[in-house]
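Both complexes shown next keep chain A, but they swap its partner, so chain B is in the first and chain C is in the second.
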Partner chain A sequence: MNISNSTSAPNAGEYAGDEVSAIVLDPGYSTTRAGFAGEDVPKSVCPSFYGQIDSDAGPQYLFGENAIHNPLGNLQIKNPWGADGIVEDWETATKVWEFAITSRLTGSKPGNPAKNGLNDGNDTNGDAMDVDLDVDMDGIENLEKPLEDSPLLMTEPGWNSTKAREKYIEIAMEDWGTPAFYLQKTGVLAAFAAGKASGIIIDVGASHTSVTPVLDGMVLRKGVQKSPLAGNFVSNQIRMIYKQAQPEVPLTPHYLVKAKNQVDAGAPAQATYRTFDVPPTDSFRTYEEERVLTEFKESVVEVWPGPGRFSNGPNEEMAKATPGRPYEMPDGWNQVFGVERFRPAEGLFDAAAALQDAENPRPKDEHTISRLIQAAVQQVDADARPLLLQNIVVTGGSTLLYKFNERLNWEINTVYPSTRNKLIAPGTVVERKYAAWIGGSILASLGSFHQLWISRKEYEEHGANIVEKRCR
Partner chain B sequence: MLGLPVGGGDGQKPVIQKRAKPAGGPRKIQGVAREVAALYGERPPPVAVYEEKKTYRAKRQSTGPVKPWIRLPFTNHARNDGLVLKHWKRKADLPNGEDVEMEDSENSAPFVYSDASYLKWNIGVDVPTFSDDEYDTYLRSDDWSREETDYLFDMVKDFSYRWAVIWDRYDFQPSQKSHMADETMHDDLNQALAALPFAPPKARSVEDLKARFYDISAKLMKLRIPEVQMDADQYATYEILSKFDPLLERNRKSLAAALMNRNMDEVKEEEFLLAELQRINMAANRLDAEREELRSRLEAPVPNQQVSAGLASFTSSQALTALFQQLFQADRSKKRASGGGAGGGRLSISVNDIMATPTSAGHSQLGTASRKQSMAQPAIQTPIRTLPPQQEYRFNVSTHDRLTSGVTFGSDRLLKMRQAKSNVQTQKIAAALAQLEIADIISIPTSRVGDVFEQLVSKVSKLLDVRKVREKEEGECRVLEAMKERRGSQIKGEGYTEGMATNGTPTNRQEIPDSQETPDVDGDGEDDDDGDGDGDGDADGDGDAEDDADADGDGDGDGDVDVDAEGEEDEDAEGEDESRAQSARQTSEAVSRRATPAGHKRSASVLSQLSNKSNKRMRK
Partner chain C sequence: MPPFKDEQIIIIAPGSETTVAQLGLPESFTPARLRVRSRMFPADAKGQWEPYKVRRRQDQPDKPAEAQNGAPAADDAPKTIANGDDDEVVYEEDRVSEEGAVWPIQEGRIVDWPCFFALIEHVYNAMNPPFHAPILLIAQPAWTPKEHEKLTQFFFEKFKTPAFGLMDAALATSWAYGVHTATVVDVGKDKVDVTAISEFIPHTQGRVVSLAGCGGEALTQGLLTKLKTKGFTRDMCEQLKKNPICEILPVGIPLPGSDGLPEADPVTNPAAAASTGATGSGAAAAAAIGNVPRGPGADTEVGEEAAEDAEGVLDVASIVAGGKMNEYLAKKEKEKQDKVITKKKGVETSATAARPIRLPNARREKATFLYEDHVLLDTLKNMNLGTKGMADAHAALDEGPQRRGQDAENSADGEPRSAVEANGVHEPGSATARTGHIRREIEVGHERFQAATSNNVLEKIADAVHRTISSMDEVKKRSELWDALIVCGNGSKVRGFKDALVAILQTKYLISPSSATMFTSEIPSNISTPLGTGANTPQPQLGPHGGASQVNPLLLAATTSQNPLLGPPGNNPMIPGMPTHNMHSSHGQTPTSIKFVKPPEYFPEWKDVGFDESAFLGAQVAAKVIFVVDQGQSKGYMTRPDYNEQGPMGIHDYGL
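After this line comes the complex of A and B, so read on.
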């Protein structure tokens, strides 16, 4: 450690860091991450889902972890993201993101001092006050915007449309009033977080799995691949396993359970359940079930690590020999999950092994991860391929599935046996989940990045289309 | 006082005193607890192992009052839109000393300074530019429109020559303007044709893009700097640019892709083969080393003229250096021949040795006065044991002036002695030895036996020579006598020779088919001659030459010469039969007298041929 004094400023030449208190916003399907550039973890991680209660006075929106898990009557849970991995509902998306920024980072801005109630009792010496208020009136319009002080770096998926990108800068400039803005793809930022300028980024998120080839900090657009086989797909697979099990596994979310009693494995639950006068909607229940499934994924589900696929030859027999993992539902029902814990995630790699029913058709073969990688590499110049395969960055919450990396490694080495393939998967959970945000934090805190910001002046001069020219 | 710092003298003194103190007292062992050090007793261990790091961090030094930080607005030099961002700066580090005023000025008019510290990273790339005239005259291409060329150059500039990215983002859409212009014009056929290359945006490969860009770059480079004036670097760049071959590049890439897309079996096979190759190479190296060692043991030292001249020639250091160079070269060439396999141990001379050689070192230092002493050194180094002749005889020790390389058998040497230059001579020697009852194979061919045998053989061959000379003389005498007799009846002799000549030709004719049946005869003729001594083959060859007038000049010539020699020897060998020899002489003389002026060789061959024929006849 060369830093003799932690209060002295680091040399500018050391890492070219020069923080301008920029805010990095990394919206995803499941959570929205926001924080100040230069920090190592996002300060604010909010669910991207929001609650909506329709009443006569119009819809009431609820944001944030505390609000949306509260079982209120007629509460609907919605998500502004569309099925194709691009924001669909811009209005609420803006609100969700704004909540992520303002709830923890900037705080709410002071309103009009005449109306915020603080000055109500000060009428006696009103003359001097009035003068001050008049002077400040010009600035009030601007003060209401949440990002007046901070430049904003936003992330976008690699397949984002031009329209969506223009919408991003419009929101940032018009609604939030940021002085400078920049848009960068998640793939590039995840690579930066891993310390790489080039590589293939495999991002297995909640709604989508994407494979992004990045060369010298630039996305190779032709090679960007995405598929819907990701965390939500695994959740659906688990639901199907529950349904097909004999007897069926009951899936009861936490909010329904008032009290539970201990029961033997496989025995029906003995719990007292909550009743609601006006129950929340089905979407709320689904969302709460999803939380249970997430826990199940974290503690039970395992990926068959290879060699070979799970359904191949003796692998299933070998898996049966391994000890099972117990899991207890919120209502006390519990069981040891044996070989079936390998099944939900197998569909990510082997489309034929995925469970199917009427609602969940068989996934396409080209959507499996190894095929995505193959397709991505195929679209890259032949000279760059070995370089990319040497830097395979793994990120996204669903890659935290047990033994996921072993399997991925095996799959890649099977497809490309002649190159030196190297997986770069950070060990810590935070780095894996928030890689794109961390990369953005690094990028936005660099002194050499100052010149890349799109300033308000430029935006006003060229319009929203400038984002296409500058952020490529 | 007197320009000296006031505190300087006082400050230095106590430091010196402090240092002097611990030197006098007992040495304190660092990093070891006092109690443990006490256990060492009077003799502490010479090396104490302790952790340097395990010390407490020094107390933070107070460096005066707190230095405040200020959130300072600034502009970036690399931007031209005057974007003002704010970052934290130490108040003391501010560029101008206006920090005192900061608090006030922040409220009224924000002080903005320009930050140039990151300007050095704002780097663009150089892309060649061209004017409209240049484009029209030199750079036109049927495949590329001006618009697309400009687009390509913009892309190259934007992405800093990252071709993979350029190709990825390359999405040329011909501007609507040109289309509109075409549409507004009449649907003229020419117009349509002119617009044709613009109509479909072509799918370009990386190689196409590169080819176009490099082509233009090379042309522009040549325009700016004529080829003659380019310096080496520029010319190298020019060469690379102008010699870019998209096809070659494409093939290379397809090969690279194929290499990458190999399946597991192929990769494993390659790995296996590589391992095998390595194994073979190692085995070969080992074998080479072993062989090298063996050779170095068997081989005699390199003959060298200076050695034969004696050690006296190595008295000067220059001569020694020359000798070393010679040995070094020989050693190196040997190494090169064996493939450079360096075996274990040290079998070679290296350049460093010249420094380490004691004699050379001695010579360079010793003067002429001590030359004798240095001369004596090699003699001491290689003592030679001398045996009394009796023992030398008993132990079969032999000394040689010069050793030939390789191994030979004693029996081989004996066999070699039996063989003379010609087969006939060999047979004669064999006959003589048989007469002396010496066995063909001598059972114990020691070197002494060999020597004796050599003497014997040399005597035999001498005797044979003498006999040959004697016979020659006798023959000549006889010829002269016969000539004397024949002087009276010359006409009769001529008629006889005529008849011989007419007889001779038919015999030749008869034997021609033989030679044609076995075309090898010309080549094998010599062997046949040697074996049978009748020279049929060559006679045929001659016949060929004469009759067909074929131009087998070389072959015939060779054959003739051989036959010539053989013929003479035959004559010698079987010259005992006087009458036969006599007739032969007669005919030969007659022929030689009548011979056409074809040259001496021809006549000689004819002579020998005829003599052979006569021999044959006589035998029959």
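After this line comes the complex of A and C, so read on.
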């Protein structure tokens, strides 16, 4: 049986359409999203954190969800991203990203290019089909690079440096051997995911909040604003609330608890704890605590919805009248959080309301979300402003905080009372969390997109600098 | 007219340890008929694989001596393929031995593709299917989309199958249970997969795939670390694990006879618990997860009898190999007689000593099981004894038959089942009878309860379940997921495993109603705080079901608010305009309850063996639906024309 008669082989160098599965990689501070273009959710969402165990034989790296939640002795949890929102540790970043792609998408052992379907009709023609597959599969060298058959679309933050951008393409081309590459900014992609070519994209992630004005699919670079007031900032605020509470709220991550017992609200926990011969490091504990804080954010924390700031006038009194929300720690300690639950996120909008201590100085006023929006809009032509304000796309995991959008809406309307401001916040969690990836998936599966790919040949001809010219 | 008939459909479920398959859907769904160990042996020719170990040997064509030995050894006759003249080289197919086997699937991943394809081919040929046979393959969660393509290509091109479908193992399990939302914990050989399924869609983002060191093998290793000092081998532990005497006790149940071992059960030590030093100074009680071997400390305190027993557990294979078989046998015989004597004494002195079987397993300090000594058998075979010598040695060393009369399960038919099967594991084609077991009786102490303690298997799985459900994007779905737990996979067959797992989940993760909110936020504030008079206590007749219901309306409201479908029609009159976010629903912590899904009632054949392989049952249901009932409307499978048109990549467009 000759099946290839009915299959037309894609032409070499034509990487587009539905024939070839491009991979979309959207690396973030907290998670790295990867998946095939054309799909509606990333198949692979891996933590960007990685584990490291230092031993005499040199550091041992651990990747993936399963490994980094496993309390091994001396395990450190690290993150390749730097404080400025640009990748710092390229070596491990490459490995983390590669893990995200290979573990769930392509398989750790890359497929035989003659058999993976991409080259149907080229060398698996005719009688080759009848050769025993066992024999064919055997002895294929493992030197293949992980992405040899898939074009790669990567996302980058709007403030990425030239050097970092060149590094991206180098990794993709040299380390992964991808046949074609393209780099796009998260802001643009999030706008695409919302079906907009122009708009202001407010992305509240883990490490950074960014505001990106996009006009006709192009980022207005000078308008891109970022601030460190994002998810991790809220986490820190929660930690401070715990610390400043009387008595102090114990933050014990799950891995330390063997069994918990029910105790009265506010009473000290009565749990059985696990002990370790060689305990994991503090960074591991911090990372595991973050899981507890995430749950706290999901189930307790609330953004003061307005009108007015939380500290203004009678708002705090009003908040006190609302029923509190109970929260139970992994060790069984529990309490009702009343008015405190409004505090952690308030700093995102009102720098003065943020809790402070020695390690956490008062955030800068210009870093609050409303000031970022103002600064971004300021950089845009006055005629374009109304258009942008009609398309305010909200994305990022931290925007899922309860009542976040209500507050954002109020803030924007306060700053721009005379324009028609419209928030576009997808209702489903998936679309909010993975907007940039989804946009990438849409973009890479467009038939007309394939002329934008930077092919391997072009890269070899022009060098890494080609991203600067081609990916604007 | 459906495109396929029931009896044509092939279902294959590859696993790290066992691959099961079946041709045809029976009227009432049965467990898989074909069971094959997932391993192949490299054949002489490179790139070729054999399903069984093939041995070369010089054969002395003695008439098999088993006939004289009577029934006991009848099943032990090695199966010879060619029975030629004197001194002829004979290739013997050894169906028991696993020497040099290659296991193509490890931790759910396919690591050796040629071997895997050979295995599938072997399975396919063993079923001898007709030409027009569609195939449904149960896919492990660890398989990537690229690998799905590879498999698609293989199946279409190797078997020329008219239709091929891939079904996710976790999804198949949920089909078997007939639930649309579930948390499936699949305990395999070396790994555990935890999948949250919501409305029949597996949640891929937070799925815990191939969590290493938590499967059945980890339990075996757990036993091994405990029993190594007593001369147990891995194989012994493996068989012990499969025996019903091995059990995982839920937290808090003391080990029988463990009074002398306080550190083995730190849960019962509340003094230590109260300490705040969570990071701890590391008293050696619970070793860190992973391969940190326990020091000998825990194992030193063993009864004298156990130490004596260790003599019997010694590596018989090396004794035999060293040519000291006869000495060993003499000694063994003497021991046996001693035992009989003591046993008789025991009958006279105390009834309990003579009949320990009456006690539940969890209370017995020691128990014995029959061990099939494969190493010994291999040794014997490699010694080239010839049929006669083989049979003699065999009959002398085998301790199995003497117990057979007592074991009801073994006396059922003329073909004795091995002790291994006691937990329901049927070896490949038990009709062809695995031959040549040499069984020995082994006694173990309370270590048999500690399979999961030293490497924290259950805690790791519990954490994985928590992570999986916590990563569910839609917060309000989480409580549903906690209430629909399914534990499947043959690794979870060990007695007590599921209960122990749920016990851990409950002690570690269950959120108890906060005492502070019991009368404020849990219940809407428009109900006044009940006074001690009882006047405000809600009366059952106020409930929505009229006077008939004895359900506490508050309880009803609390439970039904999570799932509006379950709620009574109309609003609960007690609680109008209930604010949703204060209930444990959209914005609240989970879990407030943890429950198993009840296994389906209407599959009598499955009820007997248990639902550990329910993925296969689900695949049968699904195969019936996609291949027969809906006539291909749901695009549950890819047809050959589809394949010809789209190539392997098209497989992603098909499936449930």
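Assume the second predicted complex is superposed on the first by the 419 of 472 C-alpha atoms of A that agree within 3 Å, B and C clash if a C-alpha of one lies under 4 Å from a C-alpha of the other, contacts with A are read in each partner's own complex, and residues count from 1 in each chain.
Please note the rule applied: a contact is a pair of C-beta atoms (placed from the backbone, for glycine too) under 8 Å apart; a residue touches a chain by one contact, two chains touch by 3 or more.
Bear in mind that the values here come from a model prediction, so they are computed numbers and not experimental data.
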Which of chain B and chain C A:L220 touches, first, second, both or neither: first
Superposed model, chain A: greater residue contact from chain B or chain C: C
Touched partner set for A:V380, first chain B, second chain C, both or neither: first
First, second, both or neither for A:H254, with chain B first and chain C second: second
Partner chain in contact with A:L105 - chain B first, chain C second, else both or neither: second
Partner chain in contact with A:P71 - chain B first, chain C second, else both or neither: second
Partner chain(s) touched by A:S21 [first = chain B, second = chain C, both, neither]: both
Which superposed partner A:K145 touches (first chain B, second chain C, both, neither): neither
Touching partner for A:G324 - first (chain B), second (chain C), both, neither: second
Intersection of the chain A residues that touch chain B with those that touch chain C: 19, 21
Residues of chain A touching chain C in the complex: 1, 3, 6-7, 19, 21, 36, 41-45, 65-66, 69-73, 102-112, 115-118, 120, 129, 133-135, 137-138, 250, 252, 254-260, 262, 264-266, 270-279, 285, 291, 294-295, 298-300, 323-328, 330, 332, 334-336, 402, 428-430, 433
Sites on chain A touched by chain B in the complex: 5, 9, 12, 16, 18-21, 149, 151, 179-180, 215-216, 218, 220-223, 379-386, 414, 416-419, 447-448, 450-451, 453, 455-458, 472
Of chain B, residues touching chain A in the complex: 60, 76, 78-79, 81-88, 90, 93, 115, 117-118, 121-122, 158-159, 162-165, 167-169, 206, 253-254, 256-257, 259-264, 266-267, 270
Residues of chain C defined as touching chain A within the complex: 47-49, 109, 111, 113-114, 117-118, 143-147, 149-150, 153-154, 156-158, 160, 204-206, 208-212, 251, 266-267, 269-270, 272-276, 278-290, 292, 459-460, 463-464, 466-467, 470, 473-475, 507-509, 511-512, 514-517, 520-522, 525, 581-582, 587-589, 643-649, 652
